[in-house]
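One structure, as structure tokens, below. Some questions next.
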Amino acid sequence: MIPVLHLVMLAVILGVSFITIFLMVFERDLLKMIVLSAAQSTFYAIVLYILLVPDVVLAYIAVAVGIYTALLMFAVKKTERFEEA
Amino acid sequence: MMGIGEVFWLYIWLIIMANMGLAIYGLIMRPNILKKIACLTVLADTSFIVLAFIGYRFKYPVSPYIMTNWAPNNATITHFISESVDPLPPTLTITAVVINLSITILLVFLAIRLYEVYGTLDVKKIAMIKKELRGGEK
Amino acid sequence: MMFIIVSIPLYIVAFILYAIRGFRGPTVFDSTISIDALCYDVSAFMVILSVYFRSYLLLGAGILLALWAYILDVVIARYYDRLTRIGDSGGD
Amino acid sequence: MRVTGLIAAISILIVLFALAYGLVVLGISGPPAPVKLRLLGEKYLYYMINPATKYFTAESPEGVSAILWDYRGLDTLYETMVLFGAIIGAILVYREYLYSEPRKTGKIYGLSHIVRTVSKIIIWLTIIIAVAFGFTGQITPGGGFIGGAAFAVAPVLLVLVYTLGYARRLGLTHRRALLLRASFLLLLLLVIVTPLIAGGYIFQNQAKPGSAFSFPGRFIDSTPLGGSIFFLNLFELFAVAGAFTVAFILLGVIASLKEGE
């Protein structure tokens, strides 16, 4: 028996994450890119949770939601905010 | 003839590959170095998802790879194996997450250093400045 | 079990609505607040999914996401806010 | 320029769709929507806490910890080396700022009082949860790398909310964090070498044929301890936490360069 509910959840959330990554790649404001990157890592955390890898979810939440945003924010604050062209 | 499971499976793999393609596109074509670093993290995260998919089993009574019975016998181990997902791909992923973090720290520090030297993070402008410097020396 | 299966699509619709506000938000603050709310909703969804998977070992991820979801707000606040002085004899 | 971008996009698309087609339709990674387990994963799950197979067990109910620190221990050791190499490289880029004398100013700045009060609670909770991951890595999800990554959130919050001057007043300097990292890395190597001194094999956990040496497999009340897995998880936690603390102290130094601290 194939659980269709898992597949539907994965399909919908991966579709939303695709839109997030698309907007993130073509975003000119780097600060907004950081916010979209946090949204993308939240969606990926759900996907990893449905795929039943709790260790990876714990490490991934700490790293992607907690640390990458702060690291990129410091870099944006020390350098320039808007991407040319 | 594909069943509903295979159709969903193909759709999910296509989405994952499209995510990877977008990340590679941003990594190659976008000029800002911080954008390139963010795209690199997205590419790494998508590869973690691929690894988790390779170890997954599509059946409903499915459990993580952690045995809750601490004094098992042969029957409980067989029952556990019949429900558990594959433990090898998450093992390879765990260290990759942390190492990816440390490499991103290194790249961000290098990017800030590059801004101190050149005054910009746009790779095209950096190439122009380098060309001017080389022309001025000759 | 029926309650859980009914509630999962509602949560997913809520995620999509939060995501639309996060994508469209005219300013950075709108996006930040909506993504922050999305994080808290996801942590509740993870607890419900752990009931659906019948495994108490999965609960920790939801708790941790609820613990660290506010870091994004702090990051954006640190970008815009002016630092204030910490008093030597204050509450710290 | 536009033509170059179009060519790049089309070629990436062709490669990735070919990869997806091969993975799904041709079945390179196994059948689509797999229900069975692979043989290798099945063997790992069978042997990891099996009292019947005395020479193969790892005494750890969690599959990931058993593979990470027992069956594939040397891989993990080399990956740890990559991690510390990257952190050392990051330190080397900004070494002159890290070893310069900090300005002695009486004023210390930070975010507003509400954020500081909330963050004080969250920082302590983060540290407690990270250490708990290290201690219970062999029976619940968690372990050395996860505990270290969770611990790294605490210095990030410290640098974000209280700036670096407050951390220096608390006594958190990069020298102490480096000392923590180096000493726990030495303890980790000591755990790896101990069976070799006792006449066994390197990276040995439980007794193997030809060597009776074995780390304690069970705690007093028969809670699984995983032998060397428990010690390796714990030491790895503090080593990774020290390494990331150095990196984020350095980030605070960089952030305070022009911020008027």
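Labels for the chains are A, B, C and D, by order of writing; each one numbers its residues from 1.
We take it that a residue touches a chain if its C-beta (ideal position, glycine included) is under 8 Å from a C-beta of that chain, and two chains touch if they have at least 3 such contacts.
What you see is a predicted model; the values in this text were computed from it and never measured.
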Per Cα centroids, the chain farthest from subunit B: C
Using mean CA coordinates as chain centres, what's the gap between subunit A and subunit B in Å? 11
Where the centres are mean C-alpha positions, what is the separation of subunit B from subunit D, in Å? 17
Rounded to a whole Å, what is the gap between the Cα centroids of subunit A and subunit D? 21
Roughly how far is subunit C from subunit D, going centre to centre by Cα mean, in whole Å? 24
Give me the residues of subunit A that touch two or more other chains. 2, 34, 52, 54-55, 57-59, 62-63, 66-67, 70-71, 74, 76-78
If I count partner chains per residue in subunit B, which residues reach a count of at least 2? 5, 8-9, 16, 18, 25, 55-56, 58-59, 62-64, 66, 68, 85, 90, 94, 97-98, 101, 105, 112
Mind pulling the residue numbers of subunit C that touch at least two other chains? 53, 57-58, 60, 64, 68, 71, 75, 78
Graph class of chain-chain contacts, one of line, ring, star, complete, other: complete
Within their complex, state which residues of subunit D touch subunit A. 33, 35, 64, 133, 141-143, 145-146, 149-150, 152-153, 156, 159-160, 251, 254-255, 258
What residues on subunit A touch subunit C, complex-wise? 5, 9, 12-13, 16, 19-20, 23, 29, 31-32, 34-36, 38-39, 42-43, 45-46, 49-50, 52, 54, 57-58, 61-62, 65-66, 69-70, 73, 76-77
Touching subunit C in the complex, subunit D uses residues 107-113, 115-120, 122, 125-126, 129, 140-142, 150, 153, 156-157, 160-163, 166, 259, 261
Residues of subunit D defined as touching subunit B within the complex: 5, 8-9, 12-13, 16-17, 19-20, 23-25, 29-30, 32-38, 40-42, 44-46, 48-52, 61-64, 66-68, 72, 76, 79-80, 82-83, 86-87, 89-90, 93-94, 139-141, 143, 145-146, 148-149, 152, 222-224, 240, 243-244, 247, 250-251, 254
Show me the residue ranges of subunit B that touch subunit A in the complex, using the header's touch definition. 3-5, 8-9, 11-12, 15-16, 18-19, 22-23, 25-26, 30-32, 34-35, 37-39, 41-42, 45-46, 48-49, 52-53, 55-56, 58-60, 62-64, 66, 85, 89-90, 93-94, 97-98, 100-101, 104-105, 108, 111-112, 115, 120-122, 125
